[in-house]
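To start, the structure itself, in C-alpha cells.
In this document, chain identifiers A, B, C, D, E, F, G and H correspond to the written order of the chains, with residue numbering beginning at 1 in each.
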Amino acid sequence: MNIRKLEDLLKKVRSGKTSIEEAKAQLKSLPFEDLGYARIDHHRSLRRGFPEVIWGEGKTPEQILSIMKQMKGKGQNILITRLQPEKAKTIQKSFPKSRYHPQSKVLTYFTHLVKYEGKGTILVITAGTTDIPVAEEAVVTAQFMGNRVETLYDVGVAGIHRLLSEKERLESARVLIVVAGMEGALPSVVGGLVDRPVIAVPTSVGYGTSFGGITALLAMLNSCASGVAVVNIDNGFGAGYIATLINRM
Amino acid sequence: MNIRKLEDLLKKVRSGKTSIEEAKAQLKSLPFEDLGYARIDHHRSLRRGFPEVIWGEGKTPEQILSIMKQMKGKGQNILITRLQPEKAKTIQKSFPKSRYHPQSKVLTYFTHLVKYEGKGTILVITAGTTDIPVAEEAVVTAQFMGNRVETLYDVGVAGIHRLLSEKERLESARVLIVVAGMEGALPSVVGGLVDRPVIAVPTSVGYGTSFGGITALLAMLNSCASGVAVVNIDNGFGAGYIATLINRM
Amino acid sequence: MNIRKLEDLLKKVRSGKTSIEEAKAQLKSLPFEDLGYARIDHHRSLRRGFPEVIWGEGKTPEQILSIMKQMKGKGQNILITRLQPEKAKTIQKSFPKSRYHPQSKVLTYFTHLVKYEGKGTILVITAGTTDIPVAEEAVVTAQFMGNRVETLYDVGVAGIHRLLSEKERLESARVLIVVAGMEGALPSVVGGLVDRPVIAVPTSVGYGTSFGGITALLAMLNSCASGVAVVNIDNGFGAGYIATLINRM
Amino acid sequence: MNIRKLEDLLKKVRSGKTSIEEAKAQLKSLPFEDLGYARIDHHRSLRRGFPEVIWGEGKTPEQILSIMKQMKGKGQNILITRLQPEKAKTIQKSFPKSRYHPQSKVLTYFTHLVKYEGKGTILVITAGTTDIPVAEEAVVTAQFMGNRVETLYDVGVAGIHRLLSEKERLESARVLIVVAGMEGALPSVVGGLVDRPVIAVPTSVGYGTSFGGITALLAMLNSCASGVAVVNIDNGFGAGYIATLINRM
Amino acid sequence: MNIRKLEDLLKKVRSGKTSIEEAKAQLKSLPFEDLGYARIDHHRSLRRGFPEVIWGEGKTPEQILSIMKQMKGKGQNILITRLQPEKAKTIQKSFPKSRYHPQSKVLTYFTHLVKYEGKGTILVITAGTTDIPVAEEAVVTAQFMGNRVETLYDVGVAGIHRLLSEKERLESARVLIVVAGMEGALPSVVGGLVDRPVIAVPTSVGYGTSFGGITALLAMLNSCASGVAVVNIDNGFGAGYIATLINRM
Amino acid sequence: MNIRKLEDLLKKVRSGKTSIEEAKAQLKSLPFEDLGYARIDHHRSLRRGFPEVIWGEGKTPEQILSIMKQMKGKGQNILITRLQPEKAKTIQKSFPKSRYHPQSKVLTYFTHLVKYEGKGTILVITAGTTDIPVAEEAVVTAQFMGNRVETLYDVGVAGIHRLLSEKERLESARVLIVVAGMEGALPSVVGGLVDRPVIAVPTSVGYGTSFGGITALLAMLNSCASGVAVVNIDNGFGAGYIATLINRM
Amino acid sequence: MNIRKLEDLLKKVRSGKTSIEEAKAQLKSLPFEDLGYARIDHHRSLRRGFPEVIWGEGKTPEQILSIMKQMKGKGQNILITRLQPEKAKTIQKSFPKSRYHPQSKVLTYFTHLVKYEGKGTILVITAGTTDIPVAEEAVVTAQFMGNRVETLYDVGVAGIHRLLSEKERLESARVLIVVAGMEGALPSVVGGLVDRPVIAVPTSVGYGTSFGGITALLAMLNSCASGVAVVNIDNGFGAGYIATLINRM
Amino acid sequence: MNIRKLEDLLKKVRSGKTSIEEAKAQLKSLPFEDLGYARIDHHRSLRRGFPEVIWGEGKTPEQILSIMKQMKGKGQNILITRLQPEKAKTIQKSFPKSRYHPQSKVLTYFTHLVKYEGKGTILVITAGTTDIPVAEEAVVTAQFMGNRVETLYDVGVAGIHRLLSEKERLESARVLIVVAGMEGALPSVVGGLVDRPVIAVPTSVGYGTSFGGITALLAMLNSCASGVAVVNIDNGFGAGYIATLINRM
C-alpha cells in the first residue's frame, strides 16, 4: 500500500464507503515500507547524495550493466567496487565516459558533479607502498561521496621519522583513515598523535604469519591508542564510507 | 629542554656566551618533546577536557591511588576502567566522593563539572540484557567526556519490532554505539536504518561457539551495512572515546 | 499506537474531526508493532503454548523472580535455562512448587497443564553418559513445550551394536535429537539409519583436542549422512525448541 | 544370507535336515544386512522417492556416467551435485535430456515425474544476490525431492524493510531455508518472525574476515532466535534434504 | 533375543509350533547383538584380559562405586582414569585394597593377578619431568593390561646426549610411547633411532604458544620420522592401550 | 672414524706408536656415527628391506633421477611418494620398468623381489570413494615394504550396514588402516569392532568446515574407541609405514 | 665411560691385558657423553658461568629444594623461574639468603659473585606498566648471567614521544629486549631506530582479541623493521638468555 | 631544516636579524629529522654498508627499476627479495650484471665490493632439502651484508647422527640460522648443542597439519632449548639480517 492507496482508503472511510472495521483490518497488516519507509529511504539517498554502490564481485558484466542503466536513468552517480579489469573493459564499452581505477579496482560514472558536503579533509595514510590499492579504494569512495581527500603513503612505523615529519598534515585532517598490513602498528601511532577519529583498515599485505591480514586486524583491535575503530580486512570502501558520515557532521 | 631553556640558549647565542657550534650541537640532539610537543599534548589534554584515563586492571590500589592524587592535585577529573569491586572499596576510603559503577566496573571522580562539548546525543544500544555492563562502560565514558547519552537496551534482532518501534530515537542520535554478543547482528540492522556512524562493540556474552565474543566481532567486521566500524571485544571505553571524538565535530 | 487508538483515529476521519492529510501523516510513521504486530506475537505465544523462556545466566535471582511474577500473573508456564543451583535455591523459596532439574540446570514452573501438541515422539539420544546433562536440557524443554519424549543414552559409535539393537525405537521416533561430545560421530550414524530429521547437539565433553565441543561440532557439520542439522555447542534447549516446531507439523 | 536363504534354512530345520545346533551357528554370525536390512533400505529409497544422490566432486565423468546408467536402468530419477560445467557437458552427450543448472552446478535427470509429497511450501531466502547459487542448490534439491519451493532473494538485514514487507510469504511457508554469507545475520531475524523451523545455510560469500563462510556459520550457530538449525558452509543440498524430511511430516 | 531364545525359536520351528513365515519375521529384525555379537564381545573381554575401563571424569563417586561393585562381582580387574583425589578418597573407603596413583590420577583394583600377555617391553619416554603424570597414565594402563613396562624420563631434545646414551634401551623395546609437551620434538628423534612403532603423546605442558598441547600435537603429526602415530593431548591411557594391542602381536 | 680406523688406532696404542694421551684426545671427539652408528643404520636398512623412500614434492626430476641411480646401483628397491604426473613421465623415460600409480601419485621401481615379512594382512578401509587416492598411497607403501594388503572401500558410517557386513574381513586383519575425510567417524566405529591396532588417516576430502581435513583429524584424535592412533592429513605413506612395523612383530 | 675409564682401557690395550677386538667392542658402543661430551658440557657450564636454571612450574618445593642443595654443593649460583610465592616461602626457609622477586616470580641464590662477562648494556623496554613483570624476568635473568641491564618502561607507541625522547639510551645499548602486549607494535618502532639486535617478547597483557598474547606475537613476527627476532609469549627468561649470548660476543 | 639552515638561523639570532621569539617559534616546530636524525640515518646506511633492501613482491618491474637506478646513482649495492623469475628477466635486461638466485628468488647488484665486517662465520642449517630456498635467502642476504657464510643442509632430527657428526662445524660458528619446516624440531636440538645465538626460521614446507609453516613456527617458539629466537615463516632475509647485526658485535 502506497501513499496514494492510503489516501484512497482514508477518503473511503470518510465517505463511509469503507467501514472502520474493514479499514482497521487493512491498516493492521499494512506493509510499512509501502507507507513510505522505503520511499523515504529512497528520498534520503537522492537528497544526501549517497547513490547505490555496486559490489562488483560475483556479478556478471551483464548484471552490472543492467543495474547501471537503471541508475543512469534516475540520474544517479555510480560507484562499483571490486571490479576485475576484464569486467571493467566490457562495461566501459557501454559506458565509455566511466573511469576505471585499476589499482583500487573501482569504477566510477558521473551523471552530475559531486557536491562537496564533507566539512574538512579526510587524510588517507598507508604504512607501505603495497597497501596503496586498498587506500585508493578509500580515496575514490570518499571523493565520490563528496569529500576532499589527501594522502600520505609509505610512512610505516619502522621509519617513524617519516610519519613524525608530517605532523602538521596529520593535525589538519578532520578524519584519518590508516591502512596497514603486516604488523598493523601504524593506527596506534597515528591515534596517539591526533585528536580526531582514526578509521583503521588492515590489509592482506604480508606473508607467513600475516595470515592474509588477520595479524594487522588483531593489532588494530588491540590498539593502545584511544580513538581508533576498525573495518574488515582490505575494506577501503567501508573506511571511506564511515569517514564520509563523520566528515559531514 | 623546555621553552624556557630554549630561550636561555638563544639569548646566550645572541650575547655570544654560547658559540654557534655549541648551540648547533645542543639543538641537534634536542629531545623534541622538550620543545613543547609533549607540553602541547599536555595543554591539549587540559584544554579539551580529556583528562588521563587509568586502566585499572593489573594495577594495585596503591599504584592507582598515587596516580589519582597527582591528578587531583592538577584539578583533573578521573576515570578508572576495569576496576574490580575490592579495589574500588580501598580507593573509596581515600576518595569518598568518588563514584563506583559496579555494572561497568568504572570509577569516576570529579574535581570540576563536566562541560558538554558533544554537539548531539550518543545513543547506546544493546542486543540483550547481559550486554548492559559493556554498554554502561561506554555510557559512563561518554558522559565523563562531555556528551549527552541515551540508551536503548534489549532490542536484539530476534524480535526486530522492538528495534523498529524506536526508529525516531535511532534517527535523532548523532553517533550510535551498538553493543552485542552472540551472533552480533544488531549493528548491521542499525547501520541499515540510520545515516550516522555506528560504533560496534562485540561482547563476550554467549557460550559454545560464541568463543568469548569472537563470533560477534567477526559478524560486525563483515557487516553488510556501510557506516559501521568496530572496536575490541568488551571495549565499551574505546567505543565511548571515539564516539566522543566524533560527537565533538 | 494500538488498535484502540487506530479506531479512534479512523472514527475522527469519518466524522471529519481529523483531516485526511493529518491522518496520513500519523499513519505514515505508525510504529507497526502498535498496529498489532507485537500483539499478534503475544497472542501467538499464548495460543500456541510457547510461553517466554528465561535465560538464567547473567541474571540475578531478583531479576529472575521479577520476571517470573509477571509471567505467573499472566497464567503462563515458566522455563528457566542455565540456572545455577544457588540461584535455584533462592527462587524456590518464592516458588516452592517450581521444579529444579539439577543435571540440566533447568527450572520449570507450571500454572496450568501442558497440552500435548507434538504429533509424535521426540527421541533424545546420547553418545556417552557425560552428555546426559545437555540431553536432559533438550528433554525438559521438549516436554515443557508439549511433546512426548523418549531417551536412549550411552549408545556411542565405539560400541555400534548398542545403537543398532535399538533400531525399532530409532525408527518409531518422529524427530531425533542426537547429543555427542568427543568425535561427534553419532549423528552421522543415526542419520544413516532413519528417515526423520536429526537435530545434532555437540557437547563440550572431552579433553585435549575436543576443544570444548568444537571437534564434535565440526564433525556434525560435515556429516556424510543427509538429514542432519546442527545447533550450538551444549545447546540442548535450542534442539528441544526446533524439534518441537517440527513435531507440531 | 538373504531372505530366500533364510527360508531354506528354516525349512531344513523343520524337516530335520539341519540340526538346531547348526542352524544356531549359521544364524549367530548372520550378516544382518543379508537379512534384509540393506534391502529394506533399498525398498525405502524406491518407495519414498529418495533416489540416490551423486556427489559430483572428485568423480570422473566416466564414473558418474556408469552410476547414472545403473540408476536409469532401475528407473530412478538422478540428482548430481557439485558438478563442474565441463563434466556436465560430457555427461549431457550421453544423457541429452538431463538438465544442468549452471548457477547451482546441479544436474538432474528424470525417468519419471516427481510426485509432490511435501505437504506445504519450502521458502528459500537469501541475504544477497551472490548467495543465490547456494540457494539454488537447495531449490533444485527440494523440488527434485517432491516439494513446492518459493524463493525470496536479496533481503539482507542492512535493508530490513525488504524482508519485513514480505511478512505474509514468510508466514505462509512450512519450512524456511535461509542462505547468507558475510555476517550471517538473516536467519536470526527470520527466526524471530516465524513459528516454523528455519534451516540456516552459511555461504562462503565475502572477503577478509568472512573466512570463507566461517563468520556466517558462527553467527548462525549463535542465533539469539530459537528454532534455527545449521548445515555446513555452502551446503544447499543438505538444507534442501532436511527441509524435505520436515515438509513430509 | 539371546542364544537361549534363538534355540527356543528353532525348536518351535522344528516342532511346527512356529510357522516358517513367523520365524522369518522374527529373525529378520533380530537385534544382532542378541545373536551373540555383544556376547562375543563380552567373552573377548574376559578371555583377553581387557576388563572395562572407567573414565572417572564427570562421574560421581556413587556412579563409579556402583559400576565397580558390578565389575568386582564378575571378578574383573578395574581401571579408573582421570579420577580426582577427593573422589579417590571416597572410593577407597569402599575399596580399601584399591590403589590410587596420585600423579596419573588413575585408580586400580585387582580381583586377580594380571597375566603378562605382552610379548616384549613397552618403553615409556618423556621429554621433561612435568610430562611424567601423563606418562604414568600410560605406564599404569599398560601394566594393568599385562605388559612389562620400562621408563626413560627427562631426555628432551635440548640435551640430546641424554637420549643417545640410552640407545640400547631404546633398541630393546618392542613398542615405544614418547610423551612430550612444548615443541614436541622428541618422537621425531626417537622415531629416527628405532625400528619399532612409536606412539606419540602430546602433553599440555608449556605456556604461551604451547596452546595447551596443540603445538606438541602438531609437531608430532608432522614428524619427519616414519613410524610415528599420535593420540590425543594428555591421552596416556590411549597410548597404553594401543601399545598393548601391538605388544600382544 | 670407522671401525678400520679404530682398529688401526688401537694397534698403534698397543705398539706404542700412539701415546695414550693422544689416543684419548682422538677418541674423545670421536664422531660417533663413525663408530658404526650410521653404518649399523645402513646395514639395518639393507637387511630389513627398508630402502630409502624419496619424497617427490619439491624435488626436480633431475634430483630424483640422480638419487634413483645411486639407489639402483646399490640394488635397492625405490619408492617415490607425492610425485606429480609430469615428473613421473620424465622419470619413466630413464626408468621404463618403473611403475607409476596415478591415483596415489606413487612411483615404484624394483631391482629385486619384495620378500613378504609382514606376518598377517593389513586391511585398508575408506569411508568414501574420494578417499581412495590416500588409501592407495598406504596400499602401495605397505606392499612395497613386504605386506599382504587387502582393501575395503566406501564403507562410511552413513550406511553402517556396509561396514558391518564385512565383519569377518575386519576381524581377520592384523593391522587396520582407516582412511576418512569429512566427519572422520569411521576409525571410531572400526576401533569398536576389532581387537587390532587401528591407524587412522584423515583426508582433505570435503568442503566448508571440513577445513582440508582438520575436522576429520580432530574427530580421529577424539575417538571414543580405544586402540586408535592417528597420522597427518593425507599421510597414506606414514600409515603404511607404521602398519608395516607393527605387522612384522 | 668417563675419561678415567677410557684411560684405563687404553692402558690395558697397551699392556696387552685387553685384546684389540675387545677394546673395539667396548668403544663401539661407547655412550658418547661418557667420553666427555656431557662433561665438556658440564665444564662449559662452570667455565662460562651458565649454571643450571630451574623451571619452577610443575615442580614441588621438595623437588626444587633437592635440586638446589645439589647445586649449592657444587658451588653454583641458582636461578628459578616461574616460582609461585607460596613455594618461594617454603624454599626461603631452607635458603634464607635467597632472594625472591615477586613481580617476575624469579628466585635467585648466589654462592659466588657474578662476573660481568657481557660486553655492553642490555636495555629492557616495555610498552606499558603491566608488561613489567615479564620484563623483570628478563632483567633478573640477564643480570644473573653477568650483564649490565638498564630499563625503559611504559614507552608504548600511543605516546611515541616518550620513546623518541630516549633516543640516546636506545642507541647506547648493545642488545635490546622489547616487551609488549596488546598490539605488540613497540619492537617494530624500536627496530627502526637502532642498529642493534632486538629481541621481542610478546606478553599476555590485554583482553578480548589480544588472545593472551597471540596478537602481540603475530605483530612482532610480522615486524616491518629488520633486526627483530621473537621468543614465546611471556618468555622473559628466554629473551634474557639469548641477549646474554649476544652480549658476550 | 637541515644543519646548514640551523646554522643560518643561529647566525641570524647572533646578528640580531632574527628575534629570539621568532627563532623559538621556528625551532619549536622543527621537524626533527631535519635536525639530522634522518640524515644520521642516511649516513649510517652508507657508512655501515647497509644499503636499502627492496621487497620485490607487489612491485612492478618498472617501480623496481626506478628504485634501482636511484640507488645505483648513489653507488649503493642492491638486494631485492621475493622477486618472481619473470620480473627478474625484465630487470636483468637493464641490469645485465645483476645476479638472480632462482632458488631464493633474490637478485643482487653490486656497484662496489662487499667489505667483510662480520667477525666470524654464520652457519645456515636446514632440516631437509626442500627448506633450502629459504635458507639460500638467508645465505645471500648475509653474504651481501658482509658475512662469511657456511651451510649444512639436510640434517633433520629423524637422522640425528647426520647433525651430531658435524659437531665441530656447529661449534665453530659465531651465529647459527636454523631453517626447518614440518615439525620444526631442529633449532631445539641445535640450541642444545651450541653456546651461540640460534635464529630459527620456520618454513612452509610440509602438508596437512603443517599449516604452511605454523606448526614449525609454534615448535620453535616453544623450544625447550634456551638461546633460540624466531622470525616469520619463510623469512630467510630477516634471519640473515639479524644474524648480521649479531655477527658485527
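The criterion applied here is as follows: a residue touches a chain if its C-beta (ideal position, glycine included) is under 8 Å from a C-beta of that chain, and two chains touch if they have at least 3 such contacts.
As the structure is a prediction and not an experimental result, all values here were calculated from the model.
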**Prompt:** B-H versus B-D: which has more C-beta pairs touching?
**Reply:** B-D
**Request:** Averaging only over C-alpha atoms, locate the centres of chain A and chain D and give their separation in whole Å.
**Result:** 39
**Item:** Between chain E and chain B, distance of the C-alpha-averaged centres to the nearest whole Å
**Value:** 55
**Asked** What are the residues of chain B that contact at least two other chains?
**Response** 32, 159, 164, 208-210, 214, 217, 221-222, 226, 232-233
**Prompt:** For each chain, which other chains does it touch, given as pairs?
**Reply:** A-B, A-C, A-D, A-G, A-H, B-C, B-D, B-G, B-H, C-D, C-E, C-F, D-E, D-F, E-F, E-G, E-H, F-G, F-H, G-H
**Request:** Spell out the residues on chain H that touch chain G in their complex, using ranges where they run on.
**Result:** 32, 44, 48, 50, 53, 119, 174, 195-199, 217, 221-222, 226-233, 237-239, 241-242, 245-246, 249
**Fill in**
Residue positions on chain H within touch of chain B in the complex are 3, 6-7, 10-11, 13-14, 16, 20, 23-24, 27-28, 30, 32, 35-36
**Request:** Using the touch definition up top, name the residues of chain D that touch chain A in the complex.
**Result:** 129-130, 159, 161-162, 164-165, 167-168, 205, 207-210
**Fill in**
In the complex, the residues of chain C that touch chain F are 127-128, 156-160, 164, 182-185, 188-189, 191-193, 206, 208-211, 214-216, 218-226
**Message:** Considering only the defined contacts, which chain A positions touch chain D in the complex?
**Reply:** 29, 31-34, 37-38, 41, 55, 57-59, 63, 82, 202, 204, 212-214, 217, 232-235
